[in-house]
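Look at the two complexes coming up: chain A is in both, with chain B in one and chain C in the other.
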Partner chain A sequence: MPTFKLDEREIPFEKGETIIQAAHRAGIDIPHYCWHPGLSVAANCRMCLVEIEPPPGRPAMMLDVLEWDADAQDYVPQKKPKLQPACQFQAGEGMVVHSEGSKNVKEARRAVQEMLLLNHPVDCPICDQAGECRLQDYWLEHQGSKKRMKDEPVHKPKAVVFGPTIVYDAERCIVCTRCIRFCDEVAGDSVLDLRERGNLNEVVLAPGRELDHDYTLMTEYVCPVGALTAVDFRFKARVWFLRSARTVCVGCATGCNAFLDFDPRDQKVYRHRPRENPDVNKYWMCDEGMLSYSRVHENRVLRAEIDGQTIEFERGLKKAAKLFKSADPDRTAIVLSAQHSNEDNFAMLVLARDYIGSGNVFVNGRPGGDSDEILRDADKNPNARGVVGLCTSAPPAPFKELATALAAGKFTHVLALGSDASDPDEVAAFEDCENLVLLTSHRGPLAAHADALLPACTWAEADGTFVNRTGIAQESERAIFPHGDSLPAWKLIAAFGRALGHSFGWTKLRHVRAAMAPDPGAEVAADAEAQSGAPA
Partner chain B sequence: MLKRTDYLTKNYGKPDGWKLAAYEAAGGYRSARKALGMSKDAVIDEAKKAHVRGRGGAGFDCGVKWSFMPKESTKPHYLVINADEGEPGTFKDRTIMEQNPHSLIEGCIIGCYAIGAHACYIYVRDELHLSKERLWGAIAEAKAKGHLGARPFGKDYAVEIYVHTGAGAYICGEETALLNSLEGRRGEPRLKPPFPAQYGAFGCPSTVNNVETIAIMPTVFEIGGDAFSKLSELHGINDGGCRLFGVSGHVKNPGIFEAAVGLTLRELIFDLGGGVLDDRAIIGVIPGGSSCPIHKPDEIVDVAGDPRFEPYNGKSVLDLPLGVDTFRGIGSMLGTACAIVLSDAADPVLAYHNVMRFYRHESCGQCTPCREGMGWIERILDKIVAGTGTIEELDQLSDIANSVMGNTICAFGEGAAQPALAFVRRYRKELEDYVHNGGKNQTGTLTT
Partner chain C sequence: MAFALSAERENELDQILSRYPNKMAACIPVLHLCQDANEGWVSADVIAFVAGRLELSTAQVKGVVTFYTLFNEEKPGKHQVWVCRTLSCALRGSEDILRHCEKKLGVKQGETTRDGKVTLRTAECLASCGTAPMMQVDKKYYENLSMTEVDRILDRLLYDGDA
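Right, the complex of A and B next:
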């Protein structure tokens, strides 16, 4: 691989790569606002300027500048080298690039940083971006001086509603055009553009439009400053109190890698945002996925319920188990959930196969929905492929067949993971089910017909593995502690098994995983940790 | 040395002088006919011999620029004419379009042929209504006569010319912003590379030439490239032929004058411009459009170690021939060779304010240093002119301009930083007078 020198370090690069790309890959951050690895090069912020030595024998391109000599009370002509944006300039073999090591670069970055803050309101206390704002970070790293312009800054529109999800503040905007380029290049909807010119520039909507495509929250996420804020997150939290879990989005079968931001103090989830993975979601997530985190706190089943009455967990567990004590295995149906992890479903399968002795395995999940060519999959379940992979002897039968069988009176007992209904029209068939026990995190459509509800964790409260539509198995980390009496589903299943009198020994997730190990369910053992990266 | 020529201007001011009949009576369209009978390489070679340095301000050799176009290409090629003349003090191209439009049309035919283009877009500044009308008229006349269209002069090389109305911004005179604007996009400069010769109009190989650069091409092919180049006193340093010089500001006879390259500022101001209004003293001259540094008349040429400057060292800058490399050599810029003269009746601080206000207004705002730097400079000058500026702020002017210089996407940054630095360097005392005394020792006016 050819290399170039960046501040005395040899950086390998691939032909056609820019300096910033190669440096980024080598883990060196050349400061930037407008550059984003997933978007076209705009080179407009000028923060990534670097000094490149001319090829041997060629003179450096020099520019005339002036320095004021206060002692002599006169200007002294000076020369400075022409700098180049690292985001635009292609790396070349043997090239010598100075970044941190050049006083010219330092001065240029200081100047750009000062200029970006010149008309900025510096309203950090009331800005949602505070704590993760490039303007703050780079002020400290590259400027560190007082504002010299003492006059009133330029005023521009504030709190402009771009659409149902995004609010824009033109005064905070540094016109890097990341949001515009995202809409143009990734979302494929040129709904944003600039108007005016010079320091009156602002981002505007196309006439007659709203920012209402399926990836609007990404515009906020790519915004390096606080110009775009998400309606959902505005004024809800200070980011420095939030911690991030490396999760996998459970909104659909794509399995976008994400960070789930939560406050450890109140154990609440505040935000779901993309985590870079070139093989799955690159740098992006859809609105549906980013907002799906709210389900962690909505419509939950947090206590055991018997016949609609809340009951103390252990008693509920016993009562639910009692319903199954005399069940005929052939008339017992087991329902897996494509919403749940491999570990949860594996536990369910083990309970069915090894203890209950039922081969009547079905799979349920959330009903299908919209899809696109970007990320969104019509299958709104994160682990349909994982569930199928776990069922090595015979594939699980679809939910609709269970409904038909119930209507025909074939089953007296149903033990289901989750309370969803892949086919909402078939829910009525469960009305007459004599013994319906649901191990569920949410009060889904089946919950109304359940004889017993036992509280399970959402994906945010448990570690788990999900196999996406392309067969990549990905681990999702627990963010918050289980709410209410809920348990990770595999644990709840084990507890239910013990209540049935079986010797379920699993108490730790690793016990489940050890039992799963030889299972070929997951085709690719993806290392979620290796895929995590700092946001670009 | 003053040597008047009239290749471009012979029909200026004559009744119907802009019409085809007058143009052909003076020998028009013979060059295009001749060029279309030559090989493309021969046309480019002839243009190279003429050493026509780009008349739009950058001074790049036209023949060399044509030679950058790819020889083999699967995409169409385009010739684009930059007629977005908007540089303050510059008003030469409009005289060509208004009074000698056929020279531009003929030049376009030659240029199209040289670069392998069959279509030419003339991007005309919107405000130049008469220019557009005369160009449309000239195109219609040339087409009717068969000089333009499917078979110009019966030759099998189709050429179509389209006049495109500009969308009204100084930045659209920057060649890549012009291309964006031409395509219906926001008029912002593109990143280079790729250069227009690889990726120009509509993503196809294109050459962007100034109006005058192309309009002089019929003359080049009329008298021959080498003979044309030798009209110039600076032929030896590859700055050939004749060009339009302009002079405005405080002169008795402002206007556009055609002369051989080699003319000095002194000749332009006194011999062609008729001298300074009221015979006052000059306090400053901007050689070619407001982007160029302003010079004081007492500045002496002093370029050590360059034999080209031996004849001029020790002379006043007013006696240095107006050439691309002569002015570049003294750290200045020839620009469009349309000089602006300030007499001592004018207040240089107000002139500075005026120029910088223009650049603040016209910065496209795409990149940070120019967008914010221009606004900051204007703001400081607003205060200085109002008598509320401080020395601290005056000191910041050079600092800001230094930070804009060279750090921007396009040459606007340099074009704005150069005058910002040149004025503050030469008129610091006057600026300080505004800071300390509210400018009471200055004239307080821009007019005589």
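Right, the complex of A and C next:
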């Protein structure tokens, strides 16, 4: 690979790559606002300026400037090299580039930063971006001086409603056009553009339109400052109190990699945002997925319930198990869930196969929905492929068949993971099911017909593995502790097995994982994870 | 009612398009053509028409319209007066000229006289600094202005309807 020199370091690059791209890959951050690795180059913010030495034997391109000389108390003529935007300038073999190491670059960045803040309201205390705003970070890193302009700043529209999900503040906008390019290039809906020019520049909607495509939160997320804010997150949290778990979105079969931001003090989740993965979601997520986190706190089953009555957990577990004590395995149905992780479904299969002795395995999940060519899949379950992969002897039968079998009186007992209905029209068939036990995080459509409900964790409260539509198995990390009496589903299943009188000994996630992949390597990895503080 | 061009202007549009490598590049001349056909301003209908013809989003066309001061977002008066206010003209008294115009026309800059005859505006440097102060009336430059000259020009616009 050819290389160039950046502040004395050799940086490899691929032909056609810009300086910032190659540096980014090498883990070196050249300050930037308008550049985004997933968008076209606009080169309008000028924060990424670097000094490039002329090729050997060629003179440097120098500019005549007037520089303030404090001693002489006057402006004196000076020559300065012409700086180049690293986001646009292509790297070349043997090129010598100065970034941090150049006095001229430092001065340029200071000046750019001062200019970007000239008309900015600096209203950080009431800005949601505070704490993760580049204007704040770069002021400290590259400016560190007071504002010198004494004139009234230019005033522009504030709190402009762009659509149901996004609000725009033109005074905070640095006109980097990331949001516009995102809409054009990724969402495929050119709904935004700039109006006017110079310090009157402002992002506006296409006449008669709203920002209402399926990727509006992502449009907000690419904004490097607080100009775009999400209605969902406005004034809800200070980001420095939030911690981030590395999750996988459970919104659909795409399995976008994400960060789930939660507040460890109140154990609530506040935001779901993309985590880069070139093989799955690149830099993006859809609105549905970014908002799906709210389900963690909605419509939950947090206590055991028998015949609709809340009951203390252990007693509930016993009573639910009692319903199954005399069950005939051939007339017992086991329902897996494409909403749940491999670990949860594996536990269910082991219970069915090794302890209950039933081979009547079905799979359930959320019903299908919209899809697009960008990310969204019509299958709104994160682990349909994982479930099929676990059922090595025979694929699980669809939910609809279970409904038909129930209507024909084929089963007396149903033990199900989750309470969704992948076929909402078939729910009525469960009404007459004599013994329906649901291990579920939510009060889904089946819950109304259940004889026993046992509380399971959502994906945010447990570690788990999900296999996406292309067959990539991805781990999702626990964010918060289990709410109420809920347990990670695999743990709940093991407890149910013990309540049935079996010696279902799993108490740690690594026990499940070891049983799933009985190879020593996996055990070591899982142990290391347990020691690093990850929950069992 | 949706905006449309006359057959003659449609011809002109085709000619404009044939001069450019792609449709987007023709945006400015096409907007001028349509503005002329629409009493001197670019309405939402015109934006929709141009966007449709050039296969652009309406947001993009709107961006162009607002970027260039020669496109009007509202219906202007019969005549448009631009007083240059940039450095050379400012040093040679453009502020007084502007104030004088405002008083005489009874409007503030950016506004149109009630009889719809004149719209008064300011412009940034019109590249005629050597003959500052100056102003542009419709498509014509008036240079080395004095107050008497300004009066004469405005009187003609107001009473004769032609500069």
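As a working rule, the second predicted complex is superposed on the first by the 509 of 536 C-alpha atoms of A that agree within 3 Å, B and C clash if a C-alpha of one lies under 4 Å from a C-alpha of the other, contacts with A are read in each partner's own complex, and residues count from 1 in each chain.
Here, a residue touches a chain if its C-beta (ideal position, glycine included) is under 8 Å from a C-beta of that chain, and two chains touch if they have at least 3 such contacts.
As the structure is a prediction and not an experimental result, all values here were calculated from the model.
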{"item": "Clash or fit (per the criteria above) of chain B with chain C on chain A", "value": "clash"}
{"item": "Contacts of A:45 with chain B and chain C, given as first, second, both or neither", "value": "first"}
{"item": "First, second, both or neither for A:149, with chain B first and chain C second", "value": "first"}
{"item": "Touched partner set for A:199, first chain B, second chain C, both or neither", "value": "first"}
{"item": "Which of chain B and chain C A:320 touches, first, second, both or neither", "value": "neither"}
{"item": "Chain B versus chain C as contact partner of A:115, first or second or both or neither", "value": "first"}
{"item": "Chain B versus chain C as contact partner of A:352, first or second or both or neither", "value": "neither"}
{"item": "Touched partner set for A:190, first chain B, second chain C, both or neither", "value": "second"}
{"item": "Per-residue contact with chain A, leading partner among chain C and chain B", "value": "B"}
{"item": "Identified clashing stretch of chain C versus chain B [45-53, 81-89 or 153-161]", "value": "81-89"}
{"item": "Set of chain A residues, in rising order, touched by both chain B and chain C", "value": "193-194, 196-197"}
{"item": "Residue ranges of chain A in contact with chain C within the complex", "value": "180, 190-197, 204-209"}
{"item": "In the complex, chain B residues that touch chain A", "value": "169, 171, 186, 191, 331, 360-369, 371-376, 379, 383, 395-396, 398-399, 401-403, 405-409, 414, 421, 424-425, 428"}
{"item": "Contact set on chain A toward chain B in their complex", "value": "41-47, 49, 63-68, 70, 74-75, 77, 80, 82-83, 88, 107-108, 111-112, 115-116, 118-119, 148-149, 151, 154, 174-175, 193-194, 196-201"}
{"item": "Touching residues (chain side chain C, partner chain A) in the complex", "value": "44, 47-48, 56-60, 62-63, 66-67"}
